[in-house]
Amino acid sequence: MSGTTDLVIAADFESAATWVHHYGELIGTVAFAASGALAAVRRNLDIVGIVVLASATALGGGIMRDVLIGHTPPTAFTDLIFLIAATVTALVIFVRHPGNRLTRWPLLLTDAVGLGLFCVTGTVVAYDAGLGAPTSALLGVTTAIGGGVIRDVLSGQVPGVLRPDESLYAIPAMVGAVVTAVLLYFGVYNAWAGLLCAAVTIAFRLLALRYGWNGPRPHYARHDETE
Amino acid sequence: MSGTTDLVIAADFESAATWVHHYGELIGTVAFAASGALAAVRRNLDIVGIVVLASATALGGGIMRDVLIGHTPPTAFTDLIFLIAATVTALVIFVRHPGNRLTRWPLLLTDAVGLGLFCVTGTVVAYDAGLGAPTSALLGVTTAIGGGVIRDVLSGQVPGVLRPDESLYAIPAMVGAVVTAVLLYFGVYNAWAGLLCAAVTIAFRLLALRYGWNGPRPHYARHDETE
Amino acid sequence: MSGTTDLVIAADFESAATWVHHYGELIGTVAFAASGALAAVRRNLDIVGIVVLASATALGGGIMRDVLIGHTPPTAFTDLIFLIAATVTALVIFVRHPGNRLTRWPLLLTDAVGLGLFCVTGTVVAYDAGLGAPTSALLGVTTAIGGGVIRDVLSGQVPGVLRPDESLYAIPAMVGAVVTAVLLYFGVYNAWAGLLCAAVTIAFRLLALRYGWNGPRPHYARHDETE
């Protein structure tokens, strides 16, 4: 392993990681925008409402992360590709979408893809900003969950992460972010590892949905389900 | 055009723009505070709730903008005139207000005035902070819409910008912010142009309300309006 | 009073104030985490939902304060003791808690303790960051109220501070924060004064709850309670 080889490997790693970061963010943005647009279709909003809800969902998590790490103005406000991607996605969904009885699975699927990609990219962005590994993982989870929470609160719904009948949502994001942070900490993170983390997170979330995996409920609450 | 004349014109422009900015912000604050206080009266809140909701509505958009551009602590926390203006407005509404069946139009009217003024001043503040024209326009829209969204979410309502039966709200703010940003970009923005932008935005919003202008709805949703 | 004595007193004051600040924040975090966890039990959430709602309640106010004063990333993301305290509290509540019909008073009690401690520590943190006394008091109130507002909005409820049938909530926090800021401004704040401010705030809030103290309601609204 000569110094030259090291340099090449480092450069390769750098560009591949950047590639995953940039395109991962972009695909995550499109996925979350689709989930926001589908939620808007479900509520019968007009075209402006669809674009606004899609953008808030797609950009909200990243804006929260950037504000929390002091990176202002957030990338979503300066690199317009993300807003354009969210808007185009919303317009495509406006033109072609399932009837609103059939939006449930496409919404959950796109949301899972956004969740998986953002828990990885959010962690990487925070770590690159010089934060410690645990803080980076926390910010990754915040990025991943933030957009969906904003979407649900703005739609007048309790966020999925807090609905008693919903399947595991925060746990897959936490697993993806923690594994990413550990890989970053030991210097073995690279583009493919990032993609793998995202894929595992997405698969975990979809399996939780398919099989209704849920955390245990409080003891008394099971016998006394009133208000 | 001697250098001296240029200088005088520049100074004049500067002070007029500052005047519009400061008083525009103040009048926008009063208008949004009134809309928040009327929303609180409508929900039969006590005097503390009225002041809190009025302040959150009036100051929320500007606080969001300042946090997003990294101007911390936000002006609303350091220049107390805005909080005092919001509180006094709330107290005036507390003492003299229409019965709560009659709050709808005063609420929409004051909200439109705040929307028009804040989309202009928000854009100017962001541009003055050194941000690009598109980013400034986006922040102007965020400032204008932010206060109303906070008011509606805190009142337990879906924000007007996302209600299917509401008239155009984001589009007027977008028009006002984009025109302001274009004028700033080409160096021809001045106080009167700013006032005109605000007036056009307010008129656009009120016409949309009066005539029920709405964006198109998704196709399938029209035939299949269930959940 | 020799210079040496002054120095000793100053050092003593410093460490005592730091002690109150750190442990006050920690106990406030545990109290708010308990209130969030009890709100989650009340809504029959699973263990993940309980931990998420407890953490958002306990850390939300401080995160808002830190973002508003430009202290990024917020302490809650860098000093993990607060997240650990919130999580452990949530797990304890998960294992041992009253039936969900009986959560009302424990929830209100723990919320009052958090409110009292955070309005003091929030004001001190802002003042220590170099902000003026009125701004610090405002940030103290924001810190104290913020967590509960986040808890209520995420649970799909109108925040207690804005519920017409709720007792005084913002006023006790305001009293605690203003007295703390005045003491800081005149240089006579110390650990015991801080504890006293917190205790008075907690007592004020609990008395308001016990005796149903409320602000006056708008005049017309009393006769015209529809919508």
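The chains carry the letters A, B and C, assigned in the order they are written, with residues numbered from 1 in each.
We take it that a residue touches a chain if its C-beta (ideal position, glycine included) is under 8 Å from a C-beta of that chain, and two chains touch if they have at least 3 such contacts.
Which chain is which protein? Per UniProt: A, B, C = Glycine transporter domain-containing protein.
No experiment lies behind these values; they were computed from the predicted model shown.
Shown here, the protein chains touch in all possible pairs.
Summary of the copy comparison: rotating chain A onto chain C for the best CA superposition needs 120 degrees, to the nearest 5. Look at where the CA atoms of chain B average out and do the same for chain C: the two points lie 30 Å apart. Of all residues in chain C, those that touch two or more other chains are 67, 70, 153, 156. Of all residues in chain A, those touching chain C in their complex are 67-70, 126, 131-132, 134-135, 138-139, 149, 153, 156-159, 161-164, 168-171, 214-221, 223-227.
By the touch criterion stated above, chain C contacts chain A in their complex at residues 40-50, 52-53, 63, 67, 70, 72-74, 77-78, 80, 83, 94-95, 97-101, 153-156.
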